[in-house]
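Common to both upcoming complexes is subunit A, partnered first by subunit B, then by subunit C.
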Partner chain A sequence: MKNVIEVKNLTKEYKGFKLDNISFNLPVGSIMGFIGENGAGKTTTIKSLLDIIKYEGSIKLLNKENKNEALKDIGVVLDDAFFPEILNALDINSIMKGIYSNWDSKLFFQYLIDFKIPKNKPIKNLSKGMHKKLEIAVALSHHPKLLILDEPTTGLDPVARSEIIEIFQNFVVDPDCSIFISSHITSDLEHIADYIVFINEGKIILNEKCSTLLEEYGIVKCKKEEFVNIDNKDYLKVRKYRYDYELLVKNKKEFKRKYKMELIEKISLEELMVLMLKGE
Partner chain B sequence: MLGFIKKDLLIVKRTLKTFLVIFIFYAILAYTGDLDLSFLLPFLSVLVMMSSFSYDAFNKWDSYALTLPKGRDNVVKAKYIVTLILILITSLLVILLYSIISFIKKEPIDINMILSNFVGNIIGTILVECVMYPIIFKWGIEKARIAILGIVAIFVVGLGLLISKIDKTTLNILFDYIFKFWYIFIAIIFIISLLISIKIYSQKEY
Partner chain C sequence: MDIIISNSSNTPIYEQIKEQIKSKIISNELTTGELLPSIRVLARDLRCSVITTKNAYEELEKEGYVKTIPSKGVYVSNINKELAKEEQLKKIEKILEEAVVLAKINKINEKELKEIVSILYEER
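Right after this comes the complex of A and B.
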């Protein structure tokens, strides 16, 4: 399978932080969710992918050696960077026509109608949700093959988020289109991601198919006296509360078979994140 | 490239109202004879461009621009091209304003004075902006603001001192040369500044 993103040994060092030799691939036609705490290295990774910062290691986008060539087919939403706020959607359309040869004004204006974004209102007067939707509309309107999105649903209400998620799902109906998305809202990723990459303190601590995580991983809730009988090779992390223990297990069926425990639950990405970070 | 130029021109358009007020204020002062427009009008285009850099910085445009095809080259080139367009506009405004004032005051139009103001406007503005831009691209508009004030002050005082030290005949010959070959002199400074800014921006991280 072809990869649309190939990251090998990506390293970037700042004072007090190091993105440490990370590698991952995003296969074509897939959605990869990139999760981690604030300051874990998500934005640094995205900025490296897009050459906003210099880095060590190698990054290949859309199988193209020339990053500028690749950028023609990439739509981007950054966490906090966009057009100057005194401009409006009409201005953006006029600007983007001069930047992308395949900019589709008709599609852009259709998104503005769908998202109920006023054409003439300066960006600074848009609500946070509208602002984000405008960024997404801009990212989609030159028919990109790859979307690179940094926290695209932050600040949106649940209805708007579900609309956006639906758009992303429709986007990958085309088997040539792929999405790399970082998000704090892990429940959104559960609905759409094919792969989850979990980064912590600049290192990738998990890179797994989302379906594997949700179907095979599990949380075991047990008492202290039950816990002492569990082999530490059979769980990934344990979180100790006063009376109960929570164990993150990689294969809940196997665990159930071995320990005959009934209280094994499906895990959500949020629970996985918390257990991976807070567990021992 | 066209898109990046359009973006800067649209920012100019959106901030025009504020600068129109400043322009009218200048025009009144020029009419009453209290102000030499050739000296102050160029700084109107400097103010406009600094305002454009400020909007870029406030909304982190540079980060976003780098995600667009050829963003790294075109952000810098667009700023220089828009600068040229603005200089042309403000220079034409100087000519227009002097012509209107002469007409209202029923004084003959001094073509030589207008032309020397025109050239003075271009030289002054390009010199200031060509010094400013590499500093802004290197340190960002906020930090550069202080540096620019310092540099402009040193430039004005230094030029004043230099002129006072040179005898009038030599000075006239020097000015004759500058006015004769001003376009070459300005083109060289413009290209050097552009190349330095491109070099700085190519290494820049946002």
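Right after this comes the complex of A and C.
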């Protein structure tokens, strides 16, 4: 299968922070969730993808040698930086027409209708959810093949978030379209992401199919005296509480068979993230 | 076609999709030759990932319930309904066997066991 993002040995050093030799691939037609704490390196990675900052290593987008060529077919929503607040959707349409040769005004106005965004209202008078949807409409209106999104749902209410997630799922109905989405709201990604890449302190600590994480990984809850009998190869992390221990295991079925323990639960991405970072 | 997924269930989502489509094929709600939604449209409509629906279709294909025709779509195969039903009955038998063993160990008689089954049947 072709990859639409190929990152090899990406490294970027700031004072007090290092994006440390990360590599991953995003296969065409899929959604990849990029998760991690604030400051883990998500935005630095995205800025490198988009050539906003300089970096070491290699990044190939949409299978094209020339990155500028690739960027034409990429829609972007960044956490910060957008249009001046006095502009409205009509103004943005005129500006974008000049920037993208493949800008589709008709499609843009259709998105405005679909997302219920008023054409004449200046950005500053839009709600936060509407503002984000406008950014997404902009990102979608030059027929991109790849969306790169930095925290597109952060700070939005559950209804707006679910609407945005719906937009993304509609986008990938086309098998040539893919999404790379960073977020720390893991519940948004849980259902729709095909792959999860987990970054911590500038390093990738997990790269797995989302369905594998949700269906095979699990949390074991046990007593201290049970814990001493467990081989440390059989769990990834343990979190010790006062009255019980929580273990992150890679394959709950196998674990159950081996140790005959009953209390093994499904894990959510959020629990996984916390256990990976807080466990020993 | 109704497909209802439970996110809290311990049954993997791809398996829930697979079993529900399978039962629709066995019960003739989906008929031979019928075109199924594409993995991507199904993923969107069920609000799950594409990998999940792909998995479900692959399993269905392996078991002979559907057939993928490249660049056309996924179609319901011509399956032997009787055979398929028998397969399901075997599965049920296996699960019930466990219940019977457990009942015998705990001295629960046949009548009580049947009662539980009929209550469960009513509830669903």
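FYI, the second predicted complex is superposed on the first by the 280 of 280 C-alpha atoms of A that agree within 3 Å, B and C clash if a C-alpha of one lies under 4 Å from a C-alpha of the other, contacts with A are read in each partner's own complex, and residues count from 1 in each chain.
Keep in mind that, in the parts below, contacts are C-beta pairs under 8 Å (C-beta built on N, C-alpha and C of every residue); 3 or more make two chains touch, one makes a residue touch a chain.
What you are looking at is a predicted structure, and each value in this text was computed from that prediction instead of being measured.
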After the overlay on subunit A, what do you see for subunit B versus subunit C, clash or fit?
fit
Answer with first, second, both or neither: which of subunit B and subunit C does A:31 touch in the superposed model?
second
Is A:173 touching the first partner subunit B, the second partner subunit C, both, or neither of them?
second
By residue count, is subunit A touched more by subunit B or by subunit C?
B
Quick one: classify A:97 as touching subunit B (first), subunit C (second), both or neither.
first
Considering only touches as defined above, state whether A:74 meets subunit B (first), subunit C (second), both or neither.
first
Quick one: classify A:269 as touching subunit B (first), subunit C (second), both or neither.
neither
Determine, under the contact definition given at the top, whether A:85 touches first (subunit B), second (subunit C), both, or neither.
first
Angle subunit B-subunit A-subunit C between C-alpha centres, in steps of 10 degrees?
150
In whole Å, subunit B and subunit C in the superposition are separated at their closest C-alpha atoms by 27
Footprint overlap on subunit A, comparing subunit B with subunit C
none
Counting only contacts in the complex, subunit B reaches subunit A at residues 1-7, 10-11, 14-15, 55-56, 58-64, 66-72, 203, 205-206
Tell me, which parts of subunit C touch subunit A in their complex?
7-8, 10, 12-14, 38, 40-41, 43-44, 47-52, 55
Across the complex, what residues on subunit A touch subunit C?
29-31, 165-166, 169-170, 172-175, 191-194, 209-211, 214-215, 266
Looking at the complex, which residues from subunit A come into contact with subunit B?
47, 50-54, 68-69, 71-72, 74, 76, 78, 80-87, 91, 94-100, 122-123, 148
